[in-house]
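Across the two complexes that follow, chain A remains constant while its partner is chain B and subsequently chain C.
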Partner chain A sequence: MTGHPLSFRKRGRLSFRAKRGISFILALSCLLTLAAVAQNSSQLRFCLRTEPKTFDPLLVDDESSLAIRYLTGGVLTRVDRHTQELTPELAESWKVTPDGKQINFKLRHDVHFSDGTAFSADDVAFTMKRLMDPTLHSPVGDEFRAAGNAVITKVIAPDQVSITFPGPIVGIDRIFDELVIVSAHSLKKEAAVLGPFMVAEYKAGSSVLLERNPNYWKKDSQGRRLPYLDSIHLDIQSNRDVEMLRFKRGELDLINVIDTDYFDRLASSSPQLVHDAGPSLDSDFLWFNQVAAASIPEYKRAWFRSANFRRAVSEALNREDIARIVYNGHAQPAVGPVSPANRFWFNSTLKPEPHNPQASLDRLKADGFHMQNGTLVDKSGNPVEFSIVTNAGSKPRERMGVLIQEDLGKIGMKVNLVTLDFPSLIERISQKFNYEAALLGFHNVSLDPTDQMNIWMSSAENHAWNPQQKSPETAWEAEIDKLMRAQAETSDAKKRKQSFDRVQEIVYEQAPFIYLVNLNALSAVSTSVAGANPGILFPQTFWNAERLTLTGTATAKR
Partner chain B sequence: MLVRKIVGHLASIAALVLLGGLLSATLVRLAPGFDTDERELDPSLSAESLRAIRAERASQHNILRFYATYLRGAAHGDLGTSQALGQPVGNLLRERWPVTLRIAGVGLLLGWLLASTLAFTACLWQRPPGEVLGTALSGAFLCIPAAVLALASVIFNSPGYLAIALIVFPKIYRYSRNLLAKAYAMPHITAARARGLGELRILARHALPVAGPQMIALAGVTISIALGAAIPVESLCGLPGIGQLAWQAALSRDLPLLVNLTVLVTLVTLLANSGADVMNYVLRPPEA
Partner chain C sequence: MKAARYLACVVVLIVCGLSLAANWLAPAGYAKQFREVPDSPPSRAHLLGTDELGRDRFARTLYGTRISLLLAPAAALVSTALAALIGGIAGYLGGMWLKMARAFTDLFLSLPWLFLLITVRALLPLNVSPLVSVLITFLVLGLLGWAASARVLSTSADALRSSDFVLQARASGLDGPRLFLVHVLPNLKPILYAQFWISIPVFILSEANLGVLGLGVAEPLPSWGSLLRELEGLISFREEPWRLVPLLLLIVVMTSFQLLLSNEEVTA
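And now, the complex of A and B:
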């Protein structure tokens, strides 16, 4: 009985050799498991909703490319996605001249690109030169060109660079949050990055694999080089059902933005996985076509151009209902162009338009509208009927359209909802103007109102209700133009805030856009992801990707 | 004669492919929303950037000029650049084609295997259960839309080719079963049975030679059915193949990509059908 190490003694006790053998096997299997865990646990997986259109950080204009840029690119300054404050990144410090035309950066030392080449002021100058190249048509560059093309970048020392603009640029330091520094000296420029991860593999239509940048400059408080994760696997998946299924199966670690229906379904079974960070910067809104040349009857154009009519529609809408029914309570009645989530720029004196059908009818009476057999008619006897176009395939918008129909039906207006695919919708609202009203959403990624110049200036192309006006057609649009210019021409934050507060007040009074709700930032994060702190600014769940870790338990699931 | 037939087929394929490409380009050009780009709604873009975006599309306003330029480029191996994805179309097709080839190919094989097994069993067995099973299954799958089968494939985490197999199966079964039934009703089969020939022998020697040519033609047709089915299956299952690409291209009115995809699918369909025709000709040359 003693011959075999795993044999039992007569009284059922293990021999010393057997115990030692079992202990050895157990220890070995533990080590192997740990090794396996260590090997697999540090790959974060989530989905991109569309194919990234570019890997060139200066040409990024879509959300998937933006996510990759955020994870791979190094910037001089970064807007902290949690505090909304500006923090130093590759620039150790910076100073803006009082006239707001020049910014001087002091750069960090001992920073290297992922390919090992050293980072210096030359790289900043090279990036600026490429950015300002008019043939590149960089969407990022448009912000830097706000005061003109003649931007001068001067390398003062390897760690000092000054950038001079032809005119004052508001929030000059904040715009560098979007400018990823590219290498001037690397042989393979596109492969050399300063961010926490680098693109290792791209399978068109399928996935993007990001690997840890071994030269990333940031270290944690213990001196350990970040990021903690070894890699990030981004699956290209446009189908949200599939994304949700895969998340439930444990194949994905997070869903950056989750729809309310999925959110509630997940919350009912696994509340620990979902996060509602409160109102985001995104909003849904309605507007009427006020274009003079639009092919709509003259009497309808007169309705749409009447502030009373627009305000009456606004008052007749029950925003609380929209938030409750369409978004299951994961939205807040909107006030105006700035969400309350935008702490600095939100005009807190304004409150959402209260639902008041009687006040709405009173307002309409002032314009000569009256009820006739349950139908609202104008002073010429034309029944109030119009159509609202919106994008097909968006369940929330379709539901919202139905609620708008119901609310406006209560004051005698007949509303027809028309859903169109996106290109057709864009054509109608921005080129042919053959629509009466439109219901859309604004996906805002920037906090600063200067980024909304192309919406509020009457001459702008995105001045949706009546674009490209040669001169402002109304006094209030002229005032908005003046205020927007004023806020863009000074670097005094207080004065800028005053101007933009007034813009918000005019928009509230005139209702060119009838703001409905601000959506909450909803996300889902697996319990295996440690360090996640979902916020409202893009990228909601992985803004601190370099500090995220994965626990072993989730690895076992994978 | 065979060479003449092949040359005739190739000539008509070339003509139809060219015509198909032009028709596709014209339809896309006339589609609402053709001349738009989602980026036009981006308020951060300056007027110059918007003008540059519009200028990109300006070269496509005259469809005949666009098509002539496209054909010139294609003759030199340049299939143009996708507007929506910003990548050379040639690269996109090279990367995506193998995925579709695999799922459509395996799906077709499985569909044919299932359909022909059931059809042959029904004919050989000549008993109601076999017939009922085949008819019920094919009827059920014929009623289910391709998108629902694709969605089921997502829910049950099954491979995409299974959905394609189930989409093509009822069409193959119904048609082949009818062909075999017609063949079995012919007098020479009755005579063969009267002589005491085994069912397998009757199938192999007497029924299949009658139904075979039309089944070969059916094989050609099912290739285009499988390619069509690949669009919902790949789109819903998130498979990066030609079907998914076609869906994305249609949604974004991506003219260069759509024209190339039409040309490719037309080419494959016509080659398959012509291949079936030539094969029939080789197997059963017309009597002089």
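And now, the complex of A and C:
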């Protein structure tokens, strides 16, 4: 029996519609599934303030490249950013010889680069060879070359390697925290990584996409391979207002370092998002020009070279007010070259110089200074007036300068605050020495005092108050030289600490740098990021990136 | 219109009077730091609150008004005079002189001023008092800000040169500086006025921007420019509306100045 042609046609048309409908539903469900997968794929987003200059881990010299190196590179040892202790990474264990010249590593087994190439001692040897290549000009290599270029790397077994330096290297095991191991055999070269993430995409001026390294060797306590995140999207964004707005809108998950103004603004509306990890290693300080050849009047040079004058200035400054007013309480009065945040090296017997204008005036009297109609004059009758240069555009420094101006005004000193663009400032303080006093800061990244040799040695270029001395011009500088050398020549931690404690005492007594405040480490992390534990060392918020997770709401938002 | 001009005159007089009476109205002065109450809202003790360093905003606004109202017009006067001299004369002479002046003006406008200003700052001594620094700043602005006005003036003077009344004056035997001073310059007056008034807010804002280069008014001296710099990063005006006072003052004063001009001068 055949049906009516019309009914057949009708049935046929219905069948076509049904097929179309089924296809549509299938396509829709596929899209929804894909969307769901996309939503579940967790991507952490934050900003880099500048364009990364390189992706080669051995050439890293800027903060953005450093962040990428930290997230992608595998190292033999790692300084735990929270405990400040050295922890094993690609090296299971290591041993330093008593003379501090050699370190022997025992490497982990079953570790592979992101492209599947196996990791072995050959890779360590290859990395060392490349690092020490003088044509590479690796900034990372500077620390490894401290005792000379003749570094010998010997592969003892596929899982054992020995590295011998021409002379003792202090903190020999800690410097490997900086050295990312590159593959000797991979065709991908530096793109093959041992860290938790790998660079998947780079859009110049726009963003860097890091994807999960499927071969990353670390596992959690349940045996699940880390990292938990699928990717990290790094937007290149120098404008902090835009970064802040995007964070508030939920488009970013964290701000690694946040200024005090932004911090307080965010804290007032969403206190759960901001983190003040306490004093960081960074400090602000003031110093006087003591260079013999500087074009400043002789009587002023005499003031600046007097420890009494410098200490008097130090005592007249109200550090508590600087911390409270300039940094809204997110800073601590500083003691010296080492922040209390540096738990091992800080000399805890020293306390910040108390604000005491009367003691300051008494100290100045010892040098023949006296008050004359409300103005402080020296023994020859010259009124005490000097300029302080600082970098223009830095609100905290400008504010600090105005507070210093008023504090010193109270003891009769007239201070002219001059803000200069950074290149002019650097030229004045490091080449022409055409300045009287300067107000600047240190952005410290290392805990070890050896990394401060370039500041404290009287022959050093960064010995800011009187650099590149042929021989120490003062007895206390000679003593600092001796102590700095002593701490660098022994691997005995106790002896090193004793030497550097004394350096801190001398700096406190002589005040070549008048330390003002240690800035707190401020950051902002979205509540959708689980596992974040912001610290004081770089990278403050994502030092444990492999263990960070995002909650469902964060992934669904995007 | 007459009422508006009258009102503008009153506003300018009040603002000038207040700024001159700053010593009596705000005896604490612009530099005194009330460190216990930084960044505080308006109160009886501090009518406009305090800034980030605890300095009285009312006092700083009054003293800043005094400095900016005195020095920005002075700088505008210098730049307008230079513009009249270079642009006006070149336009009046015409021909090769006009071409040379325009080429020079174009060259001047295309110079990288940011770098030149940095060089200027590097050449200045460090130990200068805040008052000297503010004078230097506005002098630099006045000496460098003439080029755009000169271009406008040269074009107008060029047009005047071939106008009927100038031709008639020439035909009557008038020539040289006298023709320029008697017939050309008075007809450039509306443009000169307009350029002068336009330059004032531009110089005030430039001074604020120069602070970033270290060329602005040195602390602790206030100016409208430095007060406007405080608005940097201010996200919500609703929370701290009193911080907008310097900006409102600038707008009100500039509007008043514009209203004080005659119709002819404004439309020139």
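Methods note: the second predicted complex is superposed on the first by the 515 of 558 C-alpha atoms of A that agree within 3 Å, B and C clash if a C-alpha of one lies under 4 Å from a C-alpha of the other, contacts with A are read in each partner's own complex, and residues count from 1 in each chain.
Operating definition for what follows: contacts are C-beta pairs under 8 Å (C-beta built on N, C-alpha and C of every residue); 3 or more make two chains touch, one makes a residue touch a chain.
Keep in mind that this is a model prediction, so the values were computed, not measured.
Trainee: Would you check which partner chain A:501 touches, where first means chain B only, second means chain C only, and both and neither mean what they say?
Mentor: A:501 contacts neither chain B nor chain C.
Trainee: Please work out whether A:435 is in contact with chain B alone, chain C alone, both, or neither, and reply first, second, both or neither.
Mentor: Only chain C; A:435 stays clear of chain B.
Trainee: Considering only touches as defined above, state whether A:399 meets chain B (first), chain C (second), both or neither.
Mentor: second
Trainee: With both complexes overlaid on chain A, does A:63 touch chain B (first), chain C (second), both or neither?
Mentor: Neither partner.
Trainee: Have a look at where A:477 lands relative to chain B and chain C in the superposition and call it first, second, both or neither.
Mentor: neither
Trainee: Mind working out whether A:137 is in touch with chain B, chain C, both or neither, as first, second, both or neither?
Mentor: In the superposed model, A:137 contacts chain B only, not chain C.
Trainee: Identify the partner contact of A:378: answer first if only chain B is touched, second if only chain C is, both if each is, neither if none is.
Mentor: neither
Trainee: Between chain B and chain C, point out the one touching more chain A residues.
Mentor: B
Trainee: Could you say whether A:205 touches chain B, chain C, both of them, or neither, answering first, second, both or neither?
Mentor: A:205 contacts chain B only, not chain C.
Trainee: Report for A:282: first if it touches chain B alone, second if chain C alone, otherwise both or neither.
Mentor: Neither partner.
Trainee: Find the residues of chain A that appear in the contact set with chain B and again in the contact set with chain C.
Mentor: In the superposed arrangement, which is not itself an observed complex, chain A uses residues 241, 420-421, 423-424, 427 for both chain B and chain C.
Trainee: Note which residues of chain A are touching chain C in the complex, please.
Mentor: Contact set of chain A toward chain C: 241, 261, 265, 321, 325, 385-387, 389, 392-393, 395, 398-399, 401-403, 405-406, 416-421, 423-424, 427, 434-436.
Trainee: So in the complex, the part of chain A that touches chain B is made up of which residues?
Mentor: It comes out as residues 51, 53-54, 61, 134, 137, 139, 142-143, 145, 203-206, 235-239, 241-242, 245, 249, 420-427, 430-431, 446, 451-455, 460-462.
Trainee: Help me check something: in the complex, which residues belonging to chain C touch chain A?
Mentor: It comes out as residues 31, 33, 35, 38, 52-54, 118, 121-122, 126-130, 211-214, 216, 218-220, 232-233, 235.
Trainee: Touching chain A in the complex: which residues of chain B?
Mentor: Residues in contact with chain A: 31-50, 52-53, 84-87, 91-92, 95-96, 99, 151, 154-155, 157, 235-238, 240-241, 244-245, 248, 251-253.
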